[in-house]
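Here is the structure we will look at, set down as structure tokens.
The letters A, B and C name the chains in turn, as written, and every chain counts its residues from 1.
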Amino acid sequence: MTPVLSLNNLKAGYGQTEILHDLSIYVQPNEIVAIIGPNGAGKSTAMKSVLGLLNITEGTVELNGEDITNTPAAKVVQLGISYVPQTNNVFVNLTVQENLEMGAWTRPHGIPERLEEMFALFPDLREKRNQAAGSLSGGQRQMVAMAKALMVDAKILLLDEPTAGLSPKYRGEIFGTIQKIKATGVPILIVEQNAKQALGVSDRGYVLVDGANRFTGTGAELIADREIARMFLGGGH
Amino acid sequence: MWDAFGFEFINFYFIPGLVLGCIYALGAIGITLTFGILRFANFAHGEVMMSGAYLTWTVMAIITSVLGIAVHPLVAAVPAGLIVIWLFLLTDKYFYKPFRKADTIKVVMASFGMMLIIRSAVQVIWGPNQLTFVQGIAKPNTVLQSFSQSIDMLLLIPNKHLFIFTGTIVIVIALSYLLNRTRIGKAMRAVSDSPDLAHVTGIDVDQVIRATWIVGGACAMAAGVFLAMDIQMLETTMGFRMLLPMFAAAILGGIGKPYGAVFGGLVIGLAEELSAYPWIGDAPLISPGYKTGVAFAIMVIMLIVRPQGLFKGRSF
Amino acid sequence: MDAGILLYFLSLLTVGGIYAIFALGLNVQWGFAGLFNVGIVGFAAVGAYTYALLTTAESTFHLGGFGWPLPVAMFVAMIASTLVAAVIGFICIRLRSDYLAIATIGIAEIIKLIFKNETDITNGPRGINKIPRAWEHFSEERFYSSWPMSWFGTPESWSAFFDGLPNWWWQPFFTGTILFVMLVIYWMLERARTSPWGRMMTAIRENEPAARAAGKNVTARRIEAFVIGAAIMGLGGALFAQHLRLIEPTNTFDSAKVTFLVWVMLIAGGSGNNRGAMLGAFLIWTIWSASELLITGAIDLFAYIFDTVDPGALRTRAGFLRMMLIGLLLQVILQKYPQGILPEARPASPQRRKQE
């Protein structure tokens, strides 16, 4: 079966600085895949390389088997890869509804129906639809950002640390929503600091160290692995 | 009350201040949109206003000589405006776009160069001397005059000023419709908010930039023609003279905030005119020679106290 | 050599030298510190007016008659320019570069507005005349009839002495003085550039967050660079006033002619490079004045052939055309040759120099 998204032996970085040395990741249809690892391992960089935001020097990125290496971000979005950045992920001066409409920029038809679907998926947003996104709490902003990303026919959703800086209550809510999104048929690639929780909802996971994947396995396997537990999961999360 | 104070104050200070404010407001809209969306202070903006007024004059002259009829400047401004917008887009393509990914100060420098190129071009084509834009003395609107007299509040407002007020209101309403109700307008606000996010959202930033030049150019065009209508003549320095007050208006209102720019423009225009009112004693509070200084002073105070402007614009 | 050609050459060097001083000042601000100053003309005007008011003879039109020695007045001109720059710097340097650009273009206009409106002090739009020019001033009665010159001769003997010289005797000395001042500034700036201060400026310009993180006081360093550059511009303004002898606020200090030309000079010569700044100044000034000669000649010829043409009107328009072409030249350099003729030479760190 062709993976929805696959990163094959990627080398990439900013300018002269290479951050990803040899990275291979794939996401199958109807799968949640988590990337965990220590700070500076290149987790967010992996995502940005998919978006064409930095230079890939070796290796390929494929979407449904088609090569999209070093495609500019606007085109990547058009092809169906939706991305939610870690910070600065909503237009603060636009209302919630306007944010969602902007999310649908590359697919301007059937916006009212899409909005309805999103408000069904994120019920909190319905009553706040005319409020400026900047006035919402961190967790609600994250919801807006995800809804905005889903306004197009996303073939895959990329989430960059969606729970960073959120309270435990919201963290749980976000992970719940992620499972709901998966249920609608959109596979998800998620980068997370809260490794244990992320692996808990994931079908598979990758542990990234120094720009390369060190361990792979199902979420349960990785949580159970002693070495990983000692290195990254700690007791905190 | 009206005779002793109001008549003079309203007709000779407040109304002219409002007229000037409308012109600054329209000019500042373009500056604030460019600053917010393209992220640079466009020094050539005043020259665009000026060249728009010159082109309008030329269109009027051509129509008069070919068809033998005199057209209102606002009619002639439409074809002239299309030319200005086209020139705006060409300027962006050849002189600003190459620096889109570079340090923004390079674009500022390029716009500073454009300021002199446009002004020199106008001086080469139309000559450095003043031209008469509209002849004759503007008489107050008679309907308004007799009506206001009947309620003992005599207003002497010439038609040109009524056109400027109406035109400004229409443009601001149209702009607000554009920014809040249309897809491209919302995208302009989105890019102003965060270009990076707009980029990864898939918004066509180039299209938004073109729209920005068109909207900013149309407003600048209107401002230039209104200014020429008000002072009834054309000068090659008229754009540059507007530049500082327009920047002041944009900063006062908050960078990236079009309504802020309108408000800022009105405040600066009124402040400049009212500063010459004899608030204390019989002499003007501030010598009329220092009118430009008022705008600058307001701007400097804003930069010290509240660089993000009154409407919480972006501060860098 | 024909004295006329010699004098033309000397005046080219004089004005080129003054512009080179402006360009060196701008290089400290832009080349070293990345500060975008489009108010050069304002700082030059402050220097020029300060110098003029302190040195001119008593006049009914403007403040004057202080009779300060020329070098002292030039020094005070630098100080005056420095003070203006310090105020602007404190307000704007913490903000993004665009604001500094707006504020500098604003302050330049305000300075000109003040000189235009305070007619009691500056004679307003009519300007200040008979500004003493270094060397030439020795032949003015006001100077040779008072100390220190009066110690060496009577007014009559001095008068006879100067009558015996060709009327342009001072020109080589004046040109030489300007070039000397320029070279002294160059030497000092080169010292500054390769000093720890200069290396810090480069570090700040290239990676401000890193410099901040390393505990450098970025704002203070930037204000220093801005103020030093303004002082040099003030001195340039004082020399400009000496060269012109008549200054007035509008045409003398036209931002197109001064600010813009200096920018083109620095960018063409190579910003960040002191020798580039000087080279650019002489080169662009030569092109500027030679093109004036050429165009004027062409127009005169044209008017001679077609006697219906008004050469005066053509000449003014040709001047604007020249300005437009210089503007286009700037755009071309910015896009195609952003480094200029002499690219910036990075100061080597002392350790590296030892290794080499």
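Some notes on this structure:
The rule is simple: a residue touches a chain if its C-beta (ideal position, glycine included) is under 8 Å from a C-beta of that chain, and two chains touch if they have at least 3 such contacts.
Note that the structure is a prediction, hence the values are computed from the model and not measured.
If you sketch which chains touch which, the chains link end to end in a single open path, with no loop closing it. Averaging Cα atoms per chain gives one point for each, and the point farthest from that of subunit A is the centre of C. Chain centroids computed from C-alpha atoms place B closest to the centre of all protein C-alpha atoms shown. The centroid of the Cα atoms in subunit B and the matching centroid in subunit C are 33 Å apart. Note on chain placement: the centre of subunit A and the centre of subunit C lie 57 Å apart, centres being C-alpha means.
Separation between the centroids of subunit A and subunit B, computed from CA atoms only, is 44 Å. For subunit C in complex with subunit B, the residues that touch the partner chain are 34, 36, 38, 91-92, 95-99, 101-103, 105-107, 109-110, 113, 116-117, 256, 260, 263, 267, 313, 316-317, 320-321, 323-324, 326-328, 330-331, 334-335, 338.
Residues of subunit B that touch subunit C in their complex: 35, 40-41, 43, 95, 98-99, 104-106, 108-110, 112-114, 116-117, 119-121, 123-124, 127-128, 243-244, 247, 251, 287, 289-290, 292-293, 296, 299-300, 303-304, 307, 315-316. Within the complex formed with subunit A, the subunit B residues making contact are 183, 186-187, 189-190, 192-194, 196-205. Those residues of subunit A that touch subunit B in the complex are listed here as 51, 53, 73-74, 77-78, 83, 85, 88-94, 98, 101-103, 105-106, 108, 148, 152.
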